[in-house]
Amino acid sequence: MSASALLELKDVHTHIGAYHILHGVNLQVPRGELTLLLGRNGAGKTTTLRTIMGLWQASQGTLNFNGHDITHMTTPDIASLNIAYVPENMGIFLDLTVEENMLLAARKAARSNQMDAARLAWIYAMFPAVEKFWHHPAGKLSGGQKQMLAVARAMVEPRDLLIVDEPSKGLAPAIVQNMMEAFQKMKASGVTILLVEQNIHFAQQLGDSVAVMDNGCVIHAGSMAELSADPELQQSLLGLAL
Amino acid sequence: MIHLKTNLDLKPLLLVPVIALLALPLVDSFDTWLTLSVAGLAMGMIIFMMASGLTLVFGLMDVLNFGHGVFIALGAFVATSVLSGMVDWTQSQELWRNLVAVGVAMMVAMVASAFIGLAFERFIVRPVYGQHLKQILITMGGMIIGEEIIKVIWGPLQIALPLPEAMRGSLLWGDASLEKYRLMAVVVGLIVFALQAWTLSQTKVGLLIRAGVQDREMVEALGYKIRRLFVGVFVVGSGLAGLGGVMWGLYQQNVVPQIGAQVNVLIFIVIIMGGLGSTGGALIGALMVGLMANYTGFLLPKLALFSNIALMAAILLWRPQGVYPVANR
Amino acid sequence: MLKRLLSNDLPRSTWLAWMLTAVLLGLAFAPFLFPGVKALSVAAKILVFIVLVASFDLLLGYTGIVSFAHTMFFGIGAYGVAMSSNHWGATWASLSLGVILALMLTLVLALLIGLFSLRVRAIFFAMITLAVAAAFQTLASQLSEWTGGEDGLSFKLPVLLLSSTEFSDTPFWGVNLDGRLLCYYLLFAAALIQFLMLLRIVNSPFGRVLQAIRENEFRAEAIGYRVVVYRTLSSVLSALFACMAGVMLAIWLRYNGPDTSLSFEIMMDVLLIVVIGGMGTVYGSAIGAVLFLWAQSYLQDLLRWASEAVSAWPLLAALLSPDRWLLWLGLLFVLSVYYFPTGIVGRLRAKNIV
């Protein structure tokens, strides 16, 4: 395992029932960087994330996080290694309040007042809606606010790795901008991020490394700079120009 | 559930008083109505104790325990043994002595039921996670086995469970006679409910349970071992069923091995009406069932069970998932 | 010819074929092979249960619906015969009328329950049917003027089926040719016909759609099958056969009461047979019923002997007491669900494929 890779997948295959979704995924997520997982719909990006989190078991291959072999670990154990996961459907508990959603994500806190106040202040600055609707049921928030809550929840305690699945999906442009600024602040705090995104602008602004998936495997891996500078590569991998 | 800003769905709360008020003109005298209502609320509270564990177990892990009645039966039979061994306490005229005896019976019953619950979860339920059909079959099988083992230990016949001396009789409220024990049952039930509500809304464990009922996978992804939580809920639920068994046995003043199976049907009706996974719903459902059983028991005895089924059908036509639907599934 | 009779649903296993042949011949010649009142009673009960369990398999094994109301329809059939023969005299006319009324009531109730099942989730449905069956049993034991209450109803059969009616003075192969014998063969014919009908149903296009719905309801609906219609139809058919099984039982016993046909024990027995025999196979009900009823009748003797043998250790003796035979049944049940999920028929067929 290379020194700077926090997360490494080697030849990972995943089967869901009879369907063979991942066909030997090789992925390296460098420490301290934001790695983008790109690819068209159905390429296997979400499946890869779920396999990393143990929600689906890899049928073959190995997954390594921070020196631990997580291939056969259960989801709670993997998450306890200090990984935060924001799924595609946000995973917000709609009947619980914003406060309760945040408290749930704060593993070290048994009650609200045990959550790190400074950290919360930092989160409020990135996502004002979280503070504003603190006591409201999460179900009452708008789509964009829910998305922000989902990301805020992932950052309520310092994490080593943040895995986020399409945070800007379905959001209005102004909110996407807000989200992007938040991600830049999170990046600046030193956390490693693995991000799946379809929004190219978002991707380009934030990404340090890129991995492109198609048909259940990674067909290209390199730096964002390299991809941005090569229109032909962009065309062949993604079918469009960045 | 308790937060002020939460949009508390008030309509189902009205169901209980509505039923009570509808019965008033049908029952001739106010005093009889009052007696029946207290009896109904007491019965409802006891059923709630038995049902609350089951509904959380289903809501949290999608596990259908058709054998829940075995914990109830065990609790009731344990009580017969404990109380018959504490005769000087139960025969005493001093209320506090009686309460101690009943308290001891409750403790022992809860521990016994919780322990059996642990075994039940480990050996009967765990191997069939996610397979509803097998769960139904196996848990039923478990109940049959449990009932037979109870017959081996305590014999197949009915055992009397008389109320301790000072707990017998009624208080008079005007002309209405309100049985002392039934009033006590209402108090115990309210205490249990209050404890549950407090745990669910004010503690992290309660938060985890509420979240787990909605989205189990996400709770695991947040780093919590929901399996352990589930075993905990199962065990506590079994313990509560045991407590309910003690109270039910005392309510009826006798205990039979089929006691679990008999009340199983009512419990299912309660949690279906309440919404699988909701303890508040279970409370409302239980109170409704208790009231219905007592009113129709007085007015139309032959249709008692049917009236509860009709009530369930009516509720389901209004809200097919129960009054407080919970799970995201 | 045999293939057509069995609706192309062959045993697909030599062992199974032999076992089924043995069952068929055994039941066909039971009065001659197993003399004595008890043996014949067991045989008749096996016939009744084959129909009852096979009809339940249609619902559970092929359509994937769990319903505890099955014994209710069983009871309706039995009470139909009992009440009509008791109140209107023991004639073929009253018997037929009773059967027809029972079938009509079954049709209506099954329709209602079937349609109701679609408004609620499967788990709810299972619990609700449990409640309904319990309520029905209570009702039957309370409407004493009609149903005889807790004691049930005894009644006479039409003259042709009475044991006092002799068709011949000389016994045939040691068996009296009387009305009772005729009664047995009436049951045998009915069981055989209904069994073959059920085979035909599950192997028809209708049966295939049911299995598709069981596997993936969403997809079945997407392909264009109206799931509502199929499931309701399956519920109704299953109930009608159960009703007929009840009719058969009542005719044999000349008695019916709440415990004879409506009790929860019978539902458990049906579940046990269908699991041990093999769900979704129809043949499973035949094999399972034979094994189960044979065990039920003769296992208790075995337990009695065992209990006496260990009378020195009271707890063990109590566990092995013949009255506690349900305990061992329950254990067997739980173990079958774990280790025998496909049942005997499934196991035999799997061996054959390998």
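For reference, chains read A, B and C in written order, and residue numbers begin at 1 within each chain.
What we mean here is this: a residue touches a chain if its C-beta (ideal position, glycine included) is under 8 Å from a C-beta of that chain, and two chains touch if they have at least 3 such contacts.
All of these numbers come straight from a predicted model, not from anything done at the bench.
Chemist: Connecting every touching chain pair, does the picture come out as line, ring, star, complete or other?
Modeler: Line.
Chemist: Could you tell me which chain's Cα centre is nearest to the average position of every protein Cα atom shown?
Modeler: B
Chemist: Suppose each chain is reduced to the average of its Cα coordinates; what separation in Å results between chain B and chain C?
Modeler: Distance between chain centres: 34 Å.
Chemist: At what distance in angstrom does the C-alpha mean of chain C lie from that of chain A?
Modeler: Computed value for the inter-centroid distance: 56 Å.
Chemist: If you average the Cα atoms of chain A and of chain B to get two centres, how far apart are those centres in Å?
Modeler: One centre to the other, that is 44 Å.
Chemist: List the residues on chain B that touch chain C in their complex, please.
Modeler: Spelled out, the residues of chain B in touch with chain C are 58, 64, 124, 127-128, 132-134, 136-138, 140-142, 144-145, 147-149, 151-152, 156, 261, 264-265, 268-269, 272, 276, 302, 305-306, 308-309, 312-313, 316-317, 320-321.
Chemist: With touch defined as at the start, can you tell me which chain A residues reach chain B in the complex?
Modeler: Listed in rising order, the residues are 53, 55, 74-77, 79-80, 85, 87, 91, 93-97, 100, 103-105, 107, 109-111, 135-137.
Chemist: Over in the complex, which chain B residues touch chain A? Could you list them?
Modeler: 3, 5-7, 203-204, 207-208, 210-211, 214-215, 217-226, 326, 328
Chemist: Under the stated contact criterion, what part of chain C meets chain B in this complex?
Modeler: Within the complex, chain C contacts chain B at residues 60, 64, 66, 116, 119-124, 126-128, 130-132, 134-135, 138-139, 142-143, 264, 268, 271, 275, 315, 318-319, 321, 323-324, 326-327, 329-331, 333-334, 337-338, 341.
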